[in-house]
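One structure coming up, written as C-alpha cells, with questions to follow.
Order as written gives the chain letters A, B, C and D; numbering starts at 1 within each chain.
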Amino acid sequence: MCRWLAYSGSPVLVEELLYNRKNSLIVQSLHSRLGAEETNGDGFGLGWYGDQDTPGVFRSIEPAWNDRNLRELSRQLSSGLVFAHIRASTGSPVQQTNCHPFRHGRWLWMHNGFVDKFNQVKRDLTLEVDPLLYPEIEGTTDTEVFFHLALTYGLEEDPPRAVERAVGFIEATGKRHGSAHPIQMTVATTDGESVWAFRYSSAGKSRSLFYSTDVKTLRAQHPDNPVLHQVSDESRLVVSEPLGDLAGAWNEVPESSYGVIRPGDDALLPFTPAEPTLA
Amino acid sequence: MCRWLAYSGSPVLVEELLYNRKNSLIVQSLHSRLGAEETNGDGFGLGWYGDQDTPGVFRSIEPAWNDRNLRELSRQLSSGLVFAHIRASTGSPVQQTNCHPFRHGRWLWMHNGFVDKFNQVKRDLTLEVDPLLYPEIEGTTDTEVFFHLALTYGLEEDPPRAVERAVGFIEATGKRHGSAHPIQMTVATTDGESVWAFRYSSAGKSRSLFYSTDVKTLRAQHPDNPVLHQVSDESRLVVSEPLGDLAGAWNEVPESSYGVIRPGDDALLPFTPAEPTLA
Amino acid sequence: MCRWLAYSGSPVLVEELLYNRKNSLIVQSLHSRLGAEETNGDGFGLGWYGDQDTPGVFRSIEPAWNDRNLRELSRQLSSGLVFAHIRASTGSPVQQTNCHPFRHGRWLWMHNGFVDKFNQVKRDLTLEVDPLLYPEIEGTTDTEVFFHLALTYGLEEDPPRAVERAVGFIEATGKRHGSAHPIQMTVATTDGESVWAFRYSSAGKSRSLFYSTDVKTLRAQHPDNPVLHQVSDESRLVVSEPLGDLAGAWNEVPESSYGVIRPGDDALLPFTPAEPTLA
Amino acid sequence: MCRWLAYSGSPVLVEELLYNRKNSLIVQSLHSRLGAEETNGDGFGLGWYGDQDTPGVFRSIEPAWNDRNLRELSRQLSSGLVFAHIRASTGSPVQQTNCHPFRHGRWLWMHNGFVDKFNQVKRDLTLEVDPLLYPEIEGTTDTEVFFHLALTYGLEEDPPRAVERAVGFIEATGKRHGSAHPIQMTVATTDGESVWAFRYSSAGKSRSLFYSTDVKTLRAQHPDNPVLHQVSDESRLVVSEPLGDLAGAWNEVPESSYGVIRPGDDALLPFTPAEPTLA
C-alpha cells in the first residue's frame, strides 16, 4: 500500500537517504518493485530528530517525486534518525492528516499495510482508544487509530508488548466482524533513541521488509565502498524494499518478527499478537 | 467563524450568487463585515443541485478569493438550489474533508459557529452517532459530527425536530463537561427541495443571519430593479450577512428560530433544543 | 509524457468519458499502457463547452486518480465537446498554469509530447509570439508557447496551416540550436465546433493517437452494444490510447497527419510543417 | 502588496522570527497594520542559510497563518540569515513559482510592491534579461523579472549599482508605455553574507520599511530585556512593519535609500535609479 524507510545512525543529509540511491524511496514513489501498488503518489511524510525535544514532521499531499519542498529540505536537513513514508491510499482521503509518520510527543509511527474492513471495525477500534488520547486523532486512517491503540496499551513503556496487544485487539475485533485476515502490516516506531520495526500479517503473507547488514561486516566485504566509511558502525536502515544492489547489504525481516535498533546490540525477535483479556 | 449563503429559486448562474454583488461571499472571504473573524480564508465549499439525484460538491483548501477553479465553475454552473460556504478554521486542519457543505445522500449541511470545548466532548458526541452512519465521518470538524447527530435523530424525516434533538444533546453533553455555552450556530440544511435555516446559540447571542424579502414585495418597492424581474417569485436567499445595500431587501432571522423555504409559503418558527430523554 | 482525450458528439456525462471505461483516462493516470511514462500524476485538466460563450476549464495539480473534485464534476457535467488531459511533467513545475488544456477565447489546446531542448529555444520561440498575445502566457510549458505560436500564425482562421507554421518555426529554431529532433507531438485543438487532432514528430516516431470508428459502422458491427445506441451518429473520440477493447472501435491516426471532426464529414489529411520564410 | 522580513545575526530559531512576536509576520499575514492590503494570504516563502553552499527555500501556496509545515520547520530550523515573505497577489497566479524569495546560486531576492502596467511592459523587460539567465525564470511575477534584470546588470558584483540600473530600466520602459509611476518597491537581497535592503518608488511614496536599532544601543536602553542578551551585537532585522512595540527598536528606512547589513559597520545610503545608456 505504501513504502517506508527508517534510518538510525550517524547524522546524514536526508537527500542521501531519499534521493541518492538507485532504488531510492523517491524512485519507489513512481516505480515500486515489490509493493502491492507500483505507484505511491498519494502524499508523503518525513519525520526527523534535530536539536529540539520533539521531532519535526513535514507532510504533503503531493506526489513525492516532483515535490520541490521535499527536495529543498532534503538538501538542508541532516539527522541521525529519519522516518520517511510514501503513500498509496487504500481509500481514505489524500490529506496531510492522513500522511505518515504520525507523532505523539517524542514518538513517531508509520505503517505499510491495512486494517481489513476498516470501515466496519473503525468504531470499535476507536472506542478502545484511551479517551484522553482520542482527541489527538486528526485524520481518518487505520494507521492512526492503530497507533493510538498501541499508545493506549503502553507503547511508551514497552513497545513490543503494546503493539502485540494492539494487533491482538485488531484481530479479535476484525474476526468478530467476519474478517478472515484482519491486519496486514509492517510498522516502524521510535522514541528518538531506539527504532522498533515489525513485520506481521494475519494471513502470514506480510508485505516485504528489509534491514541493512551491520556496517562493520559490510565494510569487510566491500573495503573500497566509500559510503561505508562515512557512516558510523551502528548505522542501520530498515526499508520496505532494498535501496540498491550491493551484495550482502540487505536482509529480509522474517515473518511474524520484529527488530530493535538501539545503542548497543540490535535484536531480532518473534512477534506474537496478544489476545485481549477480559477487563 | 465562517460565512455562508443558501439560495433557492429559479436557476441562476452561480457567479451571480458568489461574485456579482457588492458584498458577495467572495468579498466576505477577504473582508467580512459582520463575522467573528474578518478573514475567511481556510477553504471553501460549493454544493449545487443539477440533473443528477445527488447534489454536486466542490471543496478546496485554498482561499476562495483567488481560486480559479471556483471562478470557472461559477461561470458555467446554473442551479436553482445552491449552498456556498467560506471557512475560518477554529483549529481543525484545513483540508477538503473539513470544508462545508457536508453531504449525505441528497442532503447538504453547512454551519457557522462552533461546539464549545469540542476536543473534550467530541468522543461523547461521536459515540451517539448511529454506528451505521459513523464510518461516513471523513473529517474532524464539530460541524460534521453535529450533522451526523441530526441524521441519527431523523433529519431526513423531520429536520427541525432532529436539529432540536441534536442541539439538546450537544448542550447536555457540553454542560456535563463544564461548558457554560455549549453551542453557537447558524445552520442550513436541504434535501434538494426545501431549505431549513437555523439561528441559535446557548448564550442567546447568535451569529448573524439574514433572509431576503419576498420577491413580489421587493419588486413593488423597486419597480426599476432589473435583477428582481429575472428571478422567480419564490426565489429566496439566506445569508450570514447581506450581499448588498438594497433597502428593504434583508431581514434578520430572530434569535432561537428557524425558517423553512419551500414550494408554497415559507415559514419562520421558534427553535427550542430538545433535552435528551432516558432511553 | 501525457495522455489526453477529445470528445465531440451528443452531450454525455463527463463521467462516462473519464471513468466508466476499462482503460479510462483515470486508469491511464496510474497505469498508461502506451505512454512514454506509465504514471501521469503531475496534474490534470478538463475543458468543456456548456451554455456559455467560453468553455469552462478545471485544472488541478493533484493526481487525477484520487481527485474528488474531478470525480464530483464528472458526475454533474454533461457536454457535447470535452477535452481532458493528464500530465507527466518533463521538468516544468507542477502548477495549475502548466496544466492543459490551455484556453484563448473560445479555443482550447492540449498536447502530448515536448519541444526538445526547450530551455535553450524558449526565448526565441517566445519572442516570435505576437506581442499582444505575449502577456497571456501564464505558465512555463513548451505547450503554452507552442499554442501561442499557433495563435500568432492564425490558428483562429486556418488551424492546420497555423499549426504547420508553428511546427515549422519550432523545427527551424531547434535545428539552429543543435536539436536533431526538435518536436514530438500529438495535439488537439477546438473552437467549440470542430476538433483538429495532429500527430507528428521530427523523428517520424510520434506518440500514439487513435480515433474512434464512425458510430453507424460500429452499430452495424455490434448491434447489441447499448452504448452505441445512446450516442449520436456524429459522436467521435480521439485519444492517446484506446479506452477499451471493442473490436474495430479504434483506428490509429497515421504518422504526419491530422484529422478534423466537424459537422458533416470528418477528414484525415497529411500534415507537413511549413518552413519559415523571410519576412 | 506583501510583507517581508530579513534577519542577519547570530543563529536563531526561525520560530522566534516568524511567530513569537506581538506583530509577527504570521500575524501580519492575517492582519497587516501598514500594508497596502490587510490580508497577505496568497502563499509565502522562507529562505535560510544552513550548512550547505546554497540556501534552502520553502514555498507554499497556502496562507501562512494555518500552514502546519511552516510551523514545523520554524520549530526545527536555526539560521543566522533568514528571508521570509508573505504574499498578497496583485493578479499573477498563486503558485509556488510566484512565491518569494527567489534564488540564483547563493543569492536570494524578495520584493514588496509592483511594476506598474506589468502586462504591458513584461515583454520588453524580459527581453532585456541576459539570454543565459532567461530560462531560469520559472514563474510569472514582476518580481522575478526584476531580479533577473538586476542579475543581468551585475547584482553579484555590485548590488546597489545593479539594482539602480534595473530600476532605471524599468522606469524608462514604463514611461515609454505611458506609466506615470513605473515602480513601487521595497527589496531585500543577499549573498548569504551581507544583506541589501532598498526602499524606493517612482512616485516617492514608498511602502513602509524599518530596520532594527543596533543591539548594543538597545541593550543600554533596555538593560532588563532578556531577548537582547541572547542575540549577537551584529544582529539586525529589516521588516515591512515593526514586529513589536519596544521603544526605540525600529527606525524607518528613508525614501529613496538603501541599507547594507554586513560584517563590520552597516551603512545607509541614497538610492538613485540609473538611466539606461545607449549601447
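The rule is short, and it goes like this: a contact is a pair of C-beta atoms (placed from the backbone, for glycine too) under 8 Å apart; a residue touches a chain by one contact, two chains touch by 3 or more.
The shown structure was predicted, so the numbers you read here are calculated from the model rather than taken from an experiment.
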{"item": "Interface numbering overlap (same over half, different under half) for chain B and chain C", "value": "same"}
{"item": "For chain A paired with chain B, centre-to-centre distance based on mean C-alpha positions, whole Å", "value": "41"}
{"item": "Contacts with two or more other chains, residues of chain B listed in rising order", "value": "68, 93, 96"}
{"item": "Contact graph of the chains (line, ring, star, complete, other)", "value": "complete"}
{"item": "Contact set on chain D toward chain C in their complex", "value": "92-93, 95-97, 119-120, 122-123, 126-127, 131, 134-135, 137-140"}
{"item": "Residues of chain D defined as touching chain A within the complex", "value": "48, 50-52, 54, 56-60, 68-69, 72-73, 75-78, 96"}
{"item": "Complex contacts: residues of chain C adjacent to chain A", "value": "30-31, 38-39, 41-42, 61-63, 66, 68, 89, 93-94"}
